[in-house]
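There are structures below to look over.
Presented sequentially are two complexes of subunit A, the first with subunit B as partner and the second with subunit C.
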Partner chain A sequence: MSALHAVWRRNISETLAGALPIVLALGIWYVISAWNFAPASLLPSPVTVFRRFLVLLGDPQFLQNAGATLYRLFVGFGIAVMLGIGIGILAAGNRTVAALMQPVIRVLAPVPKIALYPALVLMFGFDHSSKIALVVADALFPILLATYQGAVAVDPKLVWSARAAGASQTRCLFTIVLTAALPSILTGARIGLIIACIVVFLAEMILSTDGLGQLLVRAARNFQTVDMFVPIIAISMLGLLLNAAFNMLSKRLLVGFPSQN
Partner chain B sequence: MATDMIKIAGVSKVYDTTQRGRHVALGDISIDIAEGQFVSILGPSGCGKSTLLYILGGFVEATTGQVLVNGQKVTGPGPDRGPVFQEFALFPWKTVLGNVMYGPLQQGLSKEAATARARELLVLVHLQNYEGFYPKELSGGMKQRVALARTLAYGPKILLMDEPFGALDAYTRTRLQNELLDIWGRDRKTVMFVTHSVEEAVFLSDRVFVMTKSPGHIRKVFDIDLPRPRVRAELLLDRRYQDYVIAIERLMDEQIEEIA
Partner chain C sequence: MARLNAIPGVPVLIACLAILLIWDLLSRVVMVSGLPPPWGALQEVPVILTDKESLVNILASLRRMSIGFSLAVAFAVPVGLLMGRSRLVAAFFNPLFMIIYPVPKAALMPIIMLWLGVGEMSKILVIFLGVSLPVIYHSYQGSKAVEEKMLWSAAAMGLGPMARLLRVVFPAALPEIMVGCRTGVVLALITMVTSEMIARQTGIGNIFFNALDMAQYDTVYAMIIVIGILGFLCDWGFEAVRRMLLGWAAPVHDIAVGSA
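Entry: the complex of A and B
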């Protein structure tokens, strides 16, 4: 009981310590606007922004835009996860696949995918598809590389143990190797998720008719500075929630593995 | 003597390394092992004894020569040869029960039948109270018991043991040696046991193959003519046991001098 208590207390104090810099940043923001270092028309107070954020949470139009962003984020990230894990595992299990993939990855991974966005819009149109394609292109590589590295580093004796027990090579790859590589895969997926958040927002800012990024740009063009900050708050809240969800999922998936942090 | 269960004929293994060129890990090894024999491969680290075991398991391909098991050429891993590794190699995401059930499930048993089979084996290795534990929650000795149970669960005819007790403390090691002999005494599987401990090899085996280093080859074979069941405390006072240990120790000392 007391051990559990200690864990709880540590968790709470760690969370508090983590929240401190954020509180500090908000405090600085508040002080700057309250003491009129910057005019309120350019830098609104965080209180005003949060109040507006809460109001907009009940606004169907805002929610529709947030929904569009979420949809692109999840579909794009989901496709990136499936492709990244699939290709990464296949490359780890098959030398021909690895030989085919490696040069492609070396050429494509460093390309700033956002540069492809105008082309993607021309190809897929203004709607969801072009944003999703960009999210996939950007989130794919960290997931793919982490999967490949993790799968290659799996102890061969784990695989031998399964093979001797009667599992086929292919079965081993998709059960034993994939599972044993999970800690690495999840690290890649976490990075992919952060990148996906950034990229979907960027794409909407550059060229879009809806979404949180588009709301920001539209507000900025109209000098609605309060409305301009709201999407930023929204995306960072979203990131926080996704991170928490990801942590919960990781804990469940990685039960039995040596602890990560 | 029964027919040869394992025939290792002219097996060698050469690794092509980029830094050191060709490295001959195993020389020209030929060994025949009869069914039901407990055989140890004894040698200094780096002599290729584990490599020989991996080749027999079908995990590593021999550069030359071939291995026959029951007259069949070894081309890959199979459930007739069950490995037990020094590092346990348990599936960390599976519970003790899940690990032991793995083999029976792969062999096509139903979930109920596999569970029943796994529970039988957990009783055999005295871990029936730990079936819901994860490997990381167990001690080294317990992990190795799970690994042994996992391998025995799919009923291999041959056990390939790669320094299985090498990572354990002396006390646990002795206990597991006794338990292994106990289990082996029930159905007399063929065992190939790799170790660098002379006492362990003599205590457990019917035959001990002493290997030399680079390129690894068989230096000498000792037939261990000691009665079974063997009791460690009695053997320690047994002149024949002492003679085997001393003879093998001397042989290994000679090797060290030759290298030095």
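Entry: the complex of A and C
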């Protein structure tokens, strides 16, 4: 009982320690603006920013821009997941495909994909498709690599048993390997999701006519500091929420798998 | 084919050729609009690399990148190591870093430019922010995994906590730290390119948009090739350094992936 109590107390003190820097940062931000250490045009008070955020959440124009961002994010991420898992499983199941893919991935993975964006705009225009293409290019690699590494690490005995029981090679790939590699795939997909979230915002900042990133650029041009903070907070919160939702989904999907940290 | 693949560098060359061929096919056969054949862009690469102004721009960008990267490593490695060895320090920083993680660092550029001006400082700061988190994360993981027995032995032989951190934890965590640095150096390049594309005043981003505005599409594609080669070289160079320093550790087959 007392041991449990000690664990409890430690958990509380650790939670407090974790809350400290966040509270501290917000406090410093508040003090700087409230005591006029910095002019409000450079650093608006956190209260003003959050109030503006709440107001904009009810503003149809803001929601429309946020909707455009979300649409690009999810379509791009969905395509990246399908391509990444497909190619990854294929490469794990076929040695020729793996030998062909590996050097190409080795060359392309460390390339800053954002540099492709001007070319993607030239090819696909200003609309959704150029941003979606960039999201795919950026989110694809973590998913593809995680799928491949997870699929290669699957215990061959599982596949042998299924083969002995009469399953075809393709059937094995999709029912055994894909399922057994699920924890790794989900980790890759979670990283890809956050990357997609960040990249869609950056693309909208660089060249776009709408979206949350464009709102930030527009506010910066008009020197509206409060409106510059709001899109950044919105996209960061979106990232946190998506991350949390994805973790919950993973837990649901991975019931029965050995837990991993 | 298998023998060819065994020679170092050959698979990479084949991969590059394959990428160029696919590019050529896309531009000629599928006729993707706005995509010229790669050969014009390739011819433009030496023109960019010998042009004095763009060379100065690129070198200035690389200088900012290396300063930001070095500062981030100098800050992130000690923080990560401390987090790995002390529960309290880890509990202190973890939630903060979790919140910072999904923030697009390069998107902070306009705000930071508002505070620090358009000079070097703001660009270096953004790169610093972009690189710090993955290096902290990997140092943290590396330092957490250090075997307790080594620390006990060191303590028994009279090493103080600081000396233990420096002489036991740091070398033991070095392979993992290097993984973080490798991700970090690619991220430094990505953040540098992104922030300059957003700020559009100097450096690589400037060349990009000048060419785009003047409809010199070959230059745009040539810049993509130059940045791509830079990314590959950063990654490859770091892998070489890692192999030299840490021949004793098991190689980590971790292809660097990252985003600003």
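Everything below uses one rule, namely that the second predicted complex is superposed on the first by the 237 of 261 C-alpha atoms of A that agree within 3 Å, B and C clash if a C-alpha of one lies under 4 Å from a C-alpha of the other, contacts with A are read in each partner's own complex, and residues count from 1 in each chain.
In this section, a residue touches a chain if its C-beta (ideal position, glycine included) is under 8 Å from a C-beta of that chain, and two chains touch if they have at least 3 such contacts.
Just so it is clear, the model here is predicted, and its values are computed rather than measured.
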Which of subunit B and subunit C A:232 touches, first, second, both or neither: second
Broader residue contact with subunit A after superposition on the shared chain, subunit B or subunit C: C
Which superposed partner A:103 touches (first subunit B, second subunit C, both, neither): second
Which of subunit B and subunit C A:112 touches, first, second, both or neither: second
Contacts of A:141 with subunit B and subunit C, given as first, second, both or neither: second
Partner chain in contact with A:210 - subunit B first, subunit C second, else both or neither: neither
Complex contact set, residues of subunit B against subunit A: 54, 57-59, 76-79, 81-83, 85, 87, 89, 91-95, 102-103, 106-107, 134-136, 147, 150-151, 154, 156
Interfacial residue positions of subunit C with respect to subunit A in the complex: 1, 5, 11-12, 14-16, 18-19, 32-35, 87-88, 91-96, 98-99, 101-104, 106-108, 110-111, 114-115, 186, 189-190, 193-194, 197-198, 208-209, 212, 217, 220-221, 223-224, 227-228, 231-232, 234-235, 253, 255-260
In the complex, subunit A residues that touch subunit B: 155-158, 160-167, 176, 179-180, 182, 254-258
Residues of subunit A that touch subunit C when the two form their complex: 13-15, 17-22, 25, 42-43, 99, 102-119, 122-123, 138, 141-142, 145, 149, 191, 194-195, 197-199, 201-202, 205-206, 213, 216-217, 220, 225, 228-229, 232, 235-236, 238-240, 242-243
